[in-house]
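First the structure, which I've put down as structure tokens, then a few questions once you've had a look.
Letters are used for the chains, namely A, B, C and D, taken in the order the chains are written, and counting of residues starts over at 1 for each.
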Amino acid sequence: MCRWIAYSGSPILLSRVLFQPKYSLIDQSLHSRLGVETTNGDGFGIGWYTQERSTPAVLREIDPAWNNRNLREVAHHVRSGLFFAHIRASTGTAVQQTNCHPFRYGRWMWMHNGAIAGFRELRRDLTLAVDPALYPDIEGSTDSELMFFLALTFGLPEDPPGAVARMAGLVERTGHAHDIAHPLQMTVAVTDGRSVWAFRYSTVAASRSLYYSTEVGDLRALHPDAALLRELSDDSRLIVSEPLGDLPGAWNEVPESSYSVVQPGGDAMRPFRPDLAHASRS
Amino acid sequence: MCRWIAYSGSPILLSRVLFQPKYSLIDQSLHSRLGVETTNGDGFGIGWYTQERSTPAVLREIDPAWNNRNLREVAHHVRSGLFFAHIRASTGTAVQQTNCHPFRYGRWMWMHNGAIAGFRELRRDLTLAVDPALYPDIEGSTDSELMFFLALTFGLPEDPPGAVARMAGLVERTGHAHDIAHPLQMTVAVTDGRSVWAFRYSTVAASRSLYYSTEVGDLRALHPDAALLRELSDDSRLIVSEPLGDLPGAWNEVPESSYSVVQPGGDAMRPFRPDLAHASRS
Amino acid sequence: MCRWIAYSGSPILLSRVLFQPKYSLIDQSLHSRLGVETTNGDGFGIGWYTQERSTPAVLREIDPAWNNRNLREVAHHVRSGLFFAHIRASTGTAVQQTNCHPFRYGRWMWMHNGAIAGFRELRRDLTLAVDPALYPDIEGSTDSELMFFLALTFGLPEDPPGAVARMAGLVERTGHAHDIAHPLQMTVAVTDGRSVWAFRYSTVAASRSLYYSTEVGDLRALHPDAALLRELSDDSRLIVSEPLGDLPGAWNEVPESSYSVVQPGGDAMRPFRPDLAHASRS
Amino acid sequence: MCRWIAYSGSPILLSRVLFQPKYSLIDQSLHSRLGVETTNGDGFGIGWYTQERSTPAVLREIDPAWNNRNLREVAHHVRSGLFFAHIRASTGTAVQQTNCHPFRYGRWMWMHNGAIAGFRELRRDLTLAVDPALYPDIEGSTDSELMFFLALTFGLPEDPPGAVARMAGLVERTGHAHDIAHPLQMTVAVTDGRSVWAFRYSTVAASRSLYYSTEVGDLRALHPDAALLRELSDDSRLIVSEPLGDLPGAWNEVPESSYSVVQPGGDAMRPFRPDLAHASRS
């Protein structure tokens, strides 16, 4: 499927996270250890927030990340305190920029690993549920972008966990109506430029891997010599599809059917379940 | 907008038509004389039929045609008796392979120059009118591909002129319902691998240019020394957005609100008008 | 051939120069008014310096600038006080990233508009004159990159105008040895991240156009309402292939056979002539 | 490194060899079993001869073969009796079309798996040995293309095995002069459109894998039900980096330090050793 990372914390060069770690995302593009596919070479994307404006910059390309020079250039020169990065393994839809993650709408960004089972059959019904005012902005053909637009339709800016739960509920109801046993498989990250929400869920309760980093203060006590840790503020946090290294104590699994929120004032981990009761607008 | 050519006749190398003429399609990609835009550099495509199979081969790329080496290679080595070629000037939708013409469905190919006015607003309503069984095969985001899928929904294989008329009627009705004065502007070519239909129509009755070549026998009498003409069978025909050269007597305008059909047994020119009475399925 | 701009001054968003002006570089990619070719669609590049490191970031792509989304994203989110931008019209060499400008070596950047006449014939002799220690870093096949490596060979870091003069001298001597009447046609910009040198020269003394902007203080007095001018420091300067707008008094031609230097402590304009006496190392 | 196949025999659709076998070249682009790298995603190329002209068509792209649609289209519609296909894993040089195999010069094609050790150091000396008349046609930056131009310089059209031996000898002498213990590692295929020569050699005598297919008549006797075999003429032959399937008896290793020639009138296998005595022209 795909691999992704979300970073929030002290402004750092993107390359510190994307290129330098032992099992960096760039390394995972060729040699993923936990992914369904070892190769994630069907395009990539990065999105980052700056002081310049509230909407993030998004750079997406359709070739593999491992030898892409523009990614290397930007990652070694751009510093950000909140960024997403994603490498894609297509499950059938076209390899094109508009199918690369992260997706953006206004100040919001979204990225996904997983799939909607039977998406070819479900795509039309799900698309009809998108707010007609949002519909014209759908540019690609992936399940991932459609999940984003459904979450936007269901109130993402007001209540991110609720909107994602309503999206997941619609996917499950629609899938079951088409006799699909396990419609949804997802890890999703979404941000408004201040907080990051990361969801781990699948109908079958065997979701793709998802990890979050240990609090920097605790890690620093464990590993006083680690250079990167001295550079990071206490509230810095990484959420990743798979650990970026072997540092003991650094990585913790997000539990099944949970979501994590990284936010000013204190992070949290909470249970997640699809909202099956919500009456979709369609 | 775009420029295109359709060829039907003696099997010839694609380069004879795509590269060698004075105002070849490749020349038009940089210096169109009759197009709305002089530059058509947002991707291109060619589609050709062979003896191998009933479905055509389609090669599409997102960079300009003028310096694309693969186009040059294929055009100089592939011979076909029926082929389409198209160069694109995007009117806003993404530059990606799935937005390049020609589009293919089974043995059918479709290409288009023009636009649906207010497409952002109309896109959802028009998409809903596509047969749900066809819907999953929509891959891009252009008005052109959607027009093709509407024509397929309305019976393209059984009655090409009727299906195109019903598609055009739906676009006009939908546009007018959204207070758009002149919803449709099109020249379209469509083929099943045996016949070619070419339509010229716009609501405002000022359609993009469209020309067809004079009968080869007549031309040969006028220009006994023209090498290409001696190579072509009597039933060979080109339909083009703009003439490929200055040969006197070679090019004839397709009249406003007309369609031309090139087919075994005799070509024809007939009036075209949108079918506004057809009750769409949506 | 090509079009380029060099900016030095107050840190600004790249988009202020690349996208917003009336005749912006992006507009010139489709509609150059002074270029040899109206279309410059064979790739583009931007290079910018940041506080992060002494070497600049360079982003280059092979498709046209006018619809490239990554260029738009970066330009609207990256702020820099010294940057180059270039749009390419190939004169025959391959459309590939390593043939796109600006070229970089360490902290130096180089971009070029023009051509070495008879480059196919001269290429080997000129390449042999490149310092063998630099030779392995030549990645592309253009005359422009080779001119950069010759200037590096001839002492660019120590004496930029002298090194460029020796490069130009070698090109002219080599060309004349091959009976080429007018071997060199160039406008070149080169920078080390602090100063910018811009050269206008051709053997035939009819060089490609080159302009520099009037001092910001003078312009501000002339146009007190111009928003961009209020944003710029007094030492801000643009050097461009063609003016970006019609603001009266804003643009001045760099004279034939001259170079301009934009530097801390005061800009200057000086005569330029190839150094024909320098004994090349080959 | 890379993987390649060469086919000579009955004209067949390219897809029969490129897509249909169990371990097809397309499968190897993601999951090579015998290659140094499991992923070969840094571009690909195919070259094929037709009745149209003596020079082959060459199609090369810089993205991975596994999801490239143009490759799929061409392979399913083009029939040829002699074709090459190559998937690339860059060892450091840029991912660009001019670095993709096969390379072409006139009617000749060349492709390579392996590397010249210390190529950055040796590149200049080796390039100087290329015939100055051929030099301008070098477009890329790979060792593979340079090996081709050296073989052309040393008489490829007159004596292919001798020219390749002289090229290999020059590489070894030049490498040894730079204190490189094992300068050359190669499997190379070269053709003039009639015969195919395939070389397996490395200084260290542990060359990359290379296999040739068993004679079709013998295979047909072993496997009377295999559909593809009934389609092939008796003189059809495949030479491949790794076997395309598990058919018992189908694949034979080309011995170390050998070359195979597939030609009208009878194939052959002969020893290969670099010609160290040849005085290069440089």
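Rule of thumb we're sticking to: contacts are C-beta pairs under 8 Å (C-beta built on N, C-alpha and C of every residue); 3 or more make two chains touch, one makes a residue touch a chain.
All values reported here derive from a predicted model rather than from experimental measurement.
J.: Check A-C against B-C and say which one is joined by more contacting C-beta pairs.
T.: Between B-C and A-C, contacts are more numerous in A-C.
J.: I need the rotation angle between the copies subunit A and subunit B from a CA superposition, between 0 and 180°, in steps of 5.
T.: Rotation angle, to the nearest 5: 180 degrees.
J.: Check the residue numbers that subunit A and subunit D use where they touch, and answer same if over half are used by both copies, otherwise different.
T.: Both copies, subunit A as well as subunit D, present the same residues to each other, with over half of the numbers appearing on both sides.
J.: Please report how many Å separate the Cα centroid of subunit B from that of subunit C, as a whole number.
T.: The computed centroid separation for subunit B versus subunit C comes out at 41 Å.
J.: Residue numbers in subunit C touching 2 or more other chains?
T.: Only 69, 94, 97 qualify.
J.: Once you've mapped the touching chain pairs, tell me: line, ring, star, complete or other?
T.: complete
J.: Tell me, which parts of subunit B touch subunit C in their complex?
T.: 30, 38-39, 41-42, 62-64, 66-67, 69, 90, 94-95
J.: How about subunit B: which of its residues touch subunit D in the complex?
T.: Residue positions touching the partner: 13, 48, 50, 52-53, 56-61, 69-70, 73-74, 76-79, 97.
J.: Taking the touch rule as given, give the residues of subunit A at its contact with subunit B in the complex, in rising order.
T.: So the residues of subunit A touching subunit B come out as 93-94, 96-98, 120-121, 123-124, 127-128, 132, 135-136, 138-141.
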